[in-house]
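Letters A, B, C and D name the chains as they come in the text, with residue numbers starting at 1 for each one.
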Amino acid sequence: MPTTFLGSALRGTFFFAFGLWWSVRYPLKYLRRKGGAEGQPGRGHTEVFEGAVKAFFALVGILVEQFVPTGPHLQLYSPKTHSWTDLTHWHYSTIYLFFLLSGITDMVSHSPLKLPPGLDRLSLSLALLVEGEFVHGCDSSWHLHSLLAVAIFAGALCALLEVFHRDHIILETFRTSSFLLQGSWLWQIGFVLSPPWGGPGWDQTDSSNLLFLTMCFCWHYLGALATVAANAAASRWYEGVLAQRQDPEAEHDRRCQIFPCASL
Amino acid sequence: MPTTFLGSALRGTFFFAFGLWWSVRYPLKYLRRKGGAEGQPGRGHTEVFEGAVKAFFALVGILVEQFVPTGPHLQLYSPKTHSWTDLTHWHYSTIYLFFLLSGITDMVSHSPLKLPPGLDRLSLSLALLVEGEFVHGCDSSWHLHSLLAVAIFAGALCALLEVFHRDHIILETFRTSSFLLQGSWLWQIGFVLSPPWGGPGWDQTDSSNLLFLTMCFCWHYLGALATVAANAAASRWYEGVLAQRQDPEAEHDRRCQIFPCASL
Amino acid sequence: MPTTFLGSALRGTFFFAFGLWWSVRYPLKYLRRKGGAEGQPGRGHTEVFEGAVKAFFALVGILVEQFVPTGPHLQLYSPKTHSWTDLTHWHYSTIYLFFLLSGITDMVSHSPLKLPPGLDRLSLSLALLVEGEFVHGCDSSWHLHSLLAVAIFAGALCALLEVFHRDHIILETFRTSSFLLQGSWLWQIGFVLSPPWGGPGWDQTDSSNLLFLTMCFCWHYLGALATVAANAAASRWYEGVLAQRQDPEAEHDRRCQIFPCASL
Amino acid sequence: MPTTFLGSALRGTFFFAFGLWWSVRYPLKYLRRKGGAEGQPGRGHTEVFEGAVKAFFALVGILVEQFVPTGPHLQLYSPKTHSWTDLTHWHYSTIYLFFLLSGITDMVSHSPLKLPPGLDRLSLSLALLVEGEFVHGCDSSWHLHSLLAVAIFAGALCALLEVFHRDHIILETFRTSSFLLQGSWLWQIGFVLSPPWGGPGWDQTDSSNLLFLTMCFCWHYLGALATVAANAAASRWYEGVLAQRQDPEAEHDRRCQIFPCASL
């Protein structure tokens, strides 16, 4: 699938934004669940909102892919040339369609019309599997995309495990980091294959470039993990401040219990 | 394995029919289990009936494969030509034999002679694995068949997981969708490789055809998911109507609880 | 690894005998566990005996491989030819060494010196994995051996799952059937590659032979499943007779409960 | 990745030392947990210490890789030659960085700032996966390194399972043995590829060498298992001596219970 910088960057931003949002939301949820049952009531709303955002962007993506000037305008077969129209746009539309479905499932799952729990994770996993299959199946520039496929399949596998182990903080953290990785790697792909300042992309046949990109992928993942850790720490600090304001006495007691020396 | 349109369509209809049946049965079972223990007594009968239908069609399939005019008539080695007879018919017979076994296991599992639970799922999984191995192993027209193998192995893996996680609604839904996908994709294979209106099949070496078929496979799956969702919604509506007729009071109460505004 | 008929048949007999033994033992254990805690005390002895038999045959196998006239006689490097001695014998010795280890672990696990449960299954799984790796890695006559590797790895995976799901009757049945399959397939390999009546083996490059062997593998598995089913039925019948003799009253009651019409 | 004997041996020593340490620690932990809750208080300190050692050696490794005379001295791109500097050193630095992260996670997990349990195993698994990817991806001398990758991925998979099945003695034993195997195999790689007594490495194109190395890998694993078994036996003996000293009465009673004949 040929890549433009803009398309790659927009997709990357979408995944990175979701990763960032989760890297704040899941630690907060975990801390509140440990503290008490406080976080439960608001949870449904958050998931519905998340699903709506996902579905909205997927819908926008489909419309853009179809109706950009070079797009197929919903035409699949060109009678003039007796061949398929450019299928790349259709591929992306299909991927977005599965993310749209995932968004709708999220929204319906947490509506009063209760669906069996786990269906939202299954649909997310399916969307990632479809995305991964398309990315893995495209032959051009294989090394960059096979690394991307690693990030996508890691996320898909994690979402699939969450069908059975729901609300498992480790799985949620791992999924968050895989989304951050996918987002930042899509930016990297944009820079490598079609740099925004023009000029040709990197030489994909040079083996030292491939070695560097493999290493670079690991650094991206370290960056993703650092982001997750920083946001988790910030959530914990924020939660502590909040708890202290609401109940300075109790918070002081709790703190003394954890850091006995700090009570001096 | 060479494919005729009729054979592919009949096989497809079998899998699609099973998928449709499950897409009604499992949501009903789930709703009744949530409502109370009402669904349990009738369940054994349904599984026995299902097994009988499966075994009957598998048996018919074996007989047809063996005794069609071009079939091997139970002859494996032709002494005249000193070579094997056409093994395609034998391959299909072997696959059907495993489905026959799966049907018999279903029937015996739910007879008074109680077998350990999970044996029916294991035998279904084995039948799908054998089918998938034959489909995956045939070299001709590989892309179409490798997509079919994806649908088959997804179903096999799901049935295998059900050995351990029995009566898990998500797994049942996924298995249902994989059967619907397999059924509709077998129809697609029939149309692509040997169109019923005569003429040659599609050009399998054209890469844009392959790209289209990959995408088409995703659309088939979306169609399968839509079928599952529609039937689940219909089952829920039907269950609601039934509950209201049996006990209008209780149903009214329940409805008010879910949609408070509807009670006005 | 070059194969002789005798070697293949002896190995096959070993695995087949273990499969047969388990196909009687596990159903009996399951029935007794359902009936009450009766089967527990004797169980340790059976496992120790099984381990001793396994270890004994593995030891005999090692000695035979090393000290047959064409064997290496414990010599690994031949200083005369400045090359390794025939490594096939060493390969088999290594495989048997792991089965010896598995046998010893079985014996120690159920001795008064209690090891953590699951270690016996892990060591069996390791032995099968090592065997599968050697079988899969040998390049000659690949199709026959890759089918054998399927049977071996299926058994290894099953034993690995049993580390976590101990005493799961479905897993035990599946492992039993994989051993029966492996045993009978080793006999088939012997007949195909080096027929006992002399003459060359089958033509491995003929694709119809390969198709037939794939199908034949499925039939072997059907035979293995039939053996398991027949032995399970026989165990149940035997258990029923035994129960009736010990306590005719209770057995009559139990039977009436299951088949109410039979009490007339 | 080109290998020097010294580098391979140092890495091997690190993994072997960790394996040895665990082969003593885990049996002791298991015995104490079975005996009572005695082992729990000290456990956090051990894990923090382990993490500190891991992080320290990883940090030393990074510094050595960067600042040896032939190293890149933190320079990634050489402006003189307009190409990447030697990326091998950077690869190892990246691997060590993940082990550094794993060490830090160990330390933080067991600090008063309690992280969700399982995060330490996930980070260890990530470090091993990254190591395995680099080892598996390097094309030179593939057979030796693919065997190493087997040992690494086995350890990674085991650590991943421990996220869900924490404190499972079988998994801990298996992880220990995989570390011992990796350590001793790294020594073997050093001897094979760049013998310390000079001279060229083994001929990697000779198929009998490959067959021997496959077998040798199994023997290394047998050695690793023997080490684990010996250390477990020693820990049990030591624990028995300790228990007897602290409470000779109780120990005598316990011993009589296990070996009734020994009390005579």
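Keep this in mind: a residue touches a chain if its C-beta (ideal position, glycine included) is under 8 Å from a C-beta of that chain, and two chains touch if they have at least 3 such contacts.
As the structure is a prediction and not an experimental result, all values here were calculated from the model.
> So if I superpose chain A on chain B by CA, what angle comes out, to the nearest 5°?
Here the rotation carrying chain A onto chain B measures out at 90 degrees.
> Report the inter-chain centroid distance for chain A and chain D in whole angstrom, where each centroid is the mean of the CA atoms.
Their C-alpha centroids are separated by 33 Å.
> Go ahead and note the Å separation of the Cα centroids belonging to chain A and chain C.
It comes to 46 Å between the two C-alpha centres.
> So which stretches of chain D touch two or more other chains?
Expected reply: no residues.
> Go through the chains and record each pair that touches.
Contacting pairs: A-B, A-D, B-C, C-D.
> Under the definition above, what is the set of chain C residues touching chain B in their complex?
Spelled out, the residues of chain C in touch with chain B are 30, 165, 169-170, 173-174, 208-209, 211-212, 214-215, 218-219, 221-222, 225, 258-259.
> For a test of understanding, state which residues of chain A touch chain B in their complex under the given definition.
Those residues of chain A that touch chain B are 83-84, 87, 90-91, 94, 97-98, 101, 112, 116, 118-119, 122, 126, 130, 133-134, 137, 163-164.
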